[in-house]
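In what follows, chain A forms one complex with chain B and a second complex with chain C.
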Partner chain A sequence: MSNLFDLLVAGLATGAIYALVAVGFTLLWQTSQTINFAQGEFVMLPAFLMLAAMQVGAPFWLAIILGILLSMILLGLAFKLLLVDPMMRHGVLPLAIATMALAIGIKEAVKQFFSAEASPFPSIVPTGEVAILGHAVSLQSIGVLVVAILAVLGLTTLLNRTSLGHQMQAAAQNPTVARIIGVPVERMILLTFLINAFLVALASLLITPIYLAKFSSGEVLGQAAFIAAIVGGFNQVRGAIAGGLLIGVLDNLAAAYVSTQYRAAVPMMFLIAVILFRPQGLLGRAEERTV
Partner chain B sequence: MSGFAKPLKIALGLAVIAALIIVPMNFNRYGLFILSQWAVMSIAAMGLNLTLGYAGQVSLAQGAFVGIGAYAAAIMTTHGWPLPAAILVAIVLSFAIGWVLGYPALRVQHHYLAFVTLAFSTLAFLLFRNESWLTGGIYGISNIPRPHIFGIATNKPLPFYYVCLGSLAIVSLAVWWLIRSPWGRAFMALRENPLRAQSLGIDTRRYTLMAFAIGSALGGVAGALYAPLTQYIDPVPFNLSLSLDLLLMVIVGGAGFYFGPFLGAMIAVLLPEWLRFAEGYYLMLYAVAVMLLLIWSPTGILGILDRYLAERRTKAASALRAVAKSRLETVQ
Partner chain C sequence: MKSTLVVGALLTVMTATGAFGQAIKLANVAELSGGGATVGTNWKNGIDLAIEEINAKGGVLGRKLEVSHADSQSNPGVARAQVQKALDAEPYVLLGPGYSGSVKVTAPLAAEAGIAQIMGGEAAELTQAGNKFLFRTSFGQQSSMPKVAKYIHDEMKAKTVAVVWVNNDFGRGGRDVIVKELDRLGSKVVADLSTEAGQADFAADVGKIKAANPDAVFVYLNEEESARILKELKRQGVTAPLMGETTLIGQKVIELAGDAANGARGHVGLTTDAPVDLVKAFREKFSKKYNYVPDHNGLKGYLAVYMVKATTEKMGKVDPKKFADTLHGLTIKAADEPGILMDVTFSDTGDIDRQSFLVEVVEGKQVVKQVLPKVK
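Up next is the complex of A and B:
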């Protein structure tokens, strides 16, 4: 049983990171119908920005701040203004393809300007273990969980308890009416892009110490976040959180109990089942058809 | 492209075909390989263009069908079967699996459908990699023979390029016929307004499945040519990124345009090669080029042409109106 407990904790920790990425993914979808195929690369890049800052001589804490700020400028502001804005009117698919190209671009840029090899990345949580219920649990897992939970709590408070959050929700649910009652819809959409950039930078900070910084590490992460977002419900923030945790745990259990060869198949089968039998996601609301 | 005069169009088409036959004659091995790859990928993209561009069903699984076709051809031809038989099996297999994959499309649409098909292509990749008794696993299948066509060996790059080009020609004609047939019209009705199509008596269920099956079958054909082209296959080329690449080809070329896949495959296969002068930066340049193109024209390359022609037609029409108006005024 100790094995199962360890797997659950590790699964929840990676799941919490998936949840952060998936939440950002659903936010972009809700406010601007952007399916961001570069979301995984968005998680990969901030770690390299932080590494670059440290190479220039910045201490770790400053590198983190710089990395988060830079990723908000590049992956939030610039992404929105340069790529999403000109293409938003033209439907979902061309924009999705453009983000695929962006994913290639980011990957190649990192490979070219930084390194094709995996680089180690310092952890914000000290290594070590503590005993919980008689099990040794790594501090890293606990740290990841705590930071991710805090981030999600902060976000849900922002969305549900503040006027700003209500305006964002209004802009997402019905932009026309929101505009009529005076919500600055454009600014709200920009805000969700900045929030997404912040979340991916945070996820980057949490996951890179575990999996190392590598230009190609975004592929797996992006896919996990997609699956988490869909399984939980594409149009719900809490759905994305649940989906992230679920996929994290499922992935870890599959690796241990199914087979390492087919571990990737388990979340995929789960995804197919969810889409076919509950397309709105486990926690999502059905989207109304316009016709 | 109804803006051009018909004889001009025919002349242009013949010139392109002649160039495709004559110009590569003194290409080196690598150039011929890339050009053959373009022909093969055009076939696969044409299949996806039927599913996506004409019938409006998003699929991220076309790469998996190329894989299915490639493995079918590799396994059969290394066991002594002739390539045409392998192509036939690839078609039947991809058609059947594509038909089954179409069922989710009856329930869900758009991005949900995209993700079901995405999951399918990951599962297919895992099968290619793990079922090593059949597929050779990560070691793949090597020494895939090239066929003898009418008694001529196609082991050399140039003859095999003509095999690929000939297959592309056959597929192009078949697709040309298909989209002009009642089926093609039914596909477009499905894309434009499924409810209306249904109320007009089109069996939308059957045509949705058909769109998937035929598109997938063309993916299978492309795969069955890809295997003898590279003469060695392993699971890596058939992962999700091939499906994404094919989708990119269709959108960049112009989804729903007949010539879109040819141009899209040209961008995706040849453009990176032309950018090789930039060395390590070539894929970066490629990504930027694709993004700029899509920002400029989200409907792809042919979308630009289409817009230009539409503009010219409106201009011509308003000029005619102006002339008619002035005549009317002089009469009064």
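Up next is the complex of A and C:
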């Protein structure tokens, strides 16, 4: 039983990171119909930006700030202006394929400028453990969960409780009407791109100490987040959160109780089941758009 | 008049070479460029250093050693072509390559030519194909794993062991030997965990180790995965002692895993940090000549040449046909041949038995804690 508890905690911690990435995924889809297949690489890159900042002498805290800012410029602003905007008018599919190309480009660039080998990455949470319900739980897992939950809470508050959030909702649900009533739709879309960039940078900061900084580490993450978003409901932020946590736990339980070889297959099979029996996702609603 | 002069000059040259006796020709094919450049360059420098020493002391049976170096570009295909070319020149012994993959494709060529090949590869399968001409310079898994098992059972006093391995040829090869050996010694394998190459998340695997609560954990993964699991083991607070091979306690792993690597132990076949006087002397000579500290591949190249010397002196003649037969089953003692650095015995399959070292990571540094004796 203690094993199950440990697995649940570890799964929730990983799942919380998946959730952050999946939320960004759904945000982009909601506001701009962008299916970002480079989302995994978006998580991989900020860690390297932070490492680069540290290499030129910045302390860790400054490197984190610089990394997040740079991510928002590169993965938010530049991504939207240079790739999404020009490709958008050609439809969803060409844009999706363009993001696949971007994924390859980012991976190769990191390999070129850093190296194909993994690099260590410092953790923002100290190692150690605390006792919860008689179980030793690592501070790192708790730290990851807390940061991810805070980020998600902050995001939902922004979306549901503020005027800005309501404008974003409006821009996502019906851009034409939103425009008529005076919502700056373009700016709202840009804002979701910046939020996505912030979320992936945060995810990068949390996951890289565990996975190590490596050019290929985005592959697994991007896939997991994609599955999480679909399973949870592609058109719901809360769906993405639930999907992320579920996939994280499922992945860990599969690795423990099925086999390591099939751990990647179990979430996939779950995905197929969801698509067959509940295509709108567990928490999604058919034919509706909201952030 | 002119032609007489030329003939005279030729005659002089011929007599001059004759005075040294005909040189013994060795051929080296190694990873001098590409991904394995560090491996091949160390190996080559080790060879050159040994030949220089031997020739300075009058050569082997009064004849000088000569070596030709060819570059495999760390590519098995190129290695095969280069070995074929080298064999066409009928060398006494073939040295290299260092990569197991390159050895695998070149070994049949040397065997067909009937020329002994002394190489750097460590994959278990290399010496299991019945090749009568292939010799190792370092441990294969079938030699190192029994030592590791013995250490886990005798020194760590582990009655229960968790074995974590990477699901590829390398990992499966090591896992099969250690599980068998642990079983033979009476240590129970309570968790037998296969992991995937490139795996990022080890939470579930470590969860299983924790649940099995073993006395010791044997970790047999590649460097990056070793670092990840070390971190996860620390994260989940697993306190059982960790044992592995060179891949668990290598410099790269220490760099990646940081604090989490401290306390991990590993079995190392050859290291220039070995507390052996002859190895220390080698390290000093090598560093003086090349201005850097060699890794174990430098040692391997050096040993390969001294294997040639000792075997030839044992035969009392330079006979490429009998070379392999003589080296099989041969024990070379460092007291008789200091260049071999440590006593070594070659099996009928070309595997070696030699003392080795138990290294522990202490505050981010490798420290040799113990010398593990020869198995036989």
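Here is the rule we go by: the second predicted complex is superposed on the first by the 287 of 291 C-alpha atoms of A that agree within 3 Å, B and C clash if a C-alpha of one lies under 4 Å from a C-alpha of the other, contacts with A are read in each partner's own complex, and residues count from 1 in each chain.
Rule of thumb we're sticking to: contacts are C-beta pairs under 8 Å (C-beta built on N, C-alpha and C of every residue); 3 or more make two chains touch, one makes a residue touch a chain.
Owing to the predicted nature of the structure, the values given are computational and were not obtained by experimental measurement.
Student: Between chain B and chain C, whom does A:55 touch in the aligned arrangement: first, second, both, or neither?
Tutor: Touch partners of A:55: none, neither chain B nor chain C.
Student: Going by the contact rule set out at the top, does A:261 touch chain B (first), chain C (second), both, or neither?
Tutor: both
Student: Which partner does A:173 reach: the first (chain B), the second (chain C), both, or neither?
Tutor: neither
Student: Where does A:7 make contact in the superposed view: on chain B (first), on chain C (second), on both, or on neither?
Tutor: After superposition on chain A, A:7 lies in contact with chain C alone.
Student: Quick one: is A:162 in contact with chain B, with chain C, with both, or with neither? Answer first, second, both or neither.
Tutor: Neither partner.
Student: Should A:112 be classified as contacting the first partner (chain B), the second (chain C), both, or neither?
Tutor: First partner only.
Student: Is A:97 touching anything from chain B or chain C once the two structures are fitted on A? First, second, both or neither.
Tutor: A:97 sits against chain B, while chain C stays out of touch.
Student: Output check: A:275 vs chain B and chain C. Expected answer is one of first, second, both, neither. What do you get?
Tutor: In the superposed model, A:275 contacts chain B only, not chain C.
Student: Considering only the contact definition stated at the top, list the common interface residues of chain A for chain B and chain C.
Tutor: 261
Student: Along chain A, where are the residues that touch chain C in the complex?
Tutor: 2-3, 6-7, 10-11, 13-14, 117-120, 127, 129, 136, 138, 140-141, 209-212, 214, 216-217, 220, 251-256, 259-261, 263
Student: Show me the residue ranges of chain C that touch chain A in the complex, using the header's touch definition.
Tutor: 167, 193-196, 198-201, 203-205, 207-208, 210-211, 224, 227-228, 231-232, 234-237, 252, 255-260
Student: Spell out the residues on chain A that touch chain B in their complex, using ranges where they run on.
Tutor: 35, 37, 83, 86-87, 90-95, 97-98, 100-102, 104-105, 108-109, 111-112, 223, 226-227, 230, 234, 261-262, 264-265, 268-269, 271-272, 275-276, 279, 291
Student: Can you check the complex and tell me which residues of chain B touch chain A?
Tutor: Going by the criterion above, the answer is residues 58, 104, 107-108, 110-112, 114-116, 118-120, 122-123, 126, 129-130, 195, 240, 244, 247-248, 251-252, 255, 280-281, 283-284, 286-288, 290-291, 294-295, 298-299.
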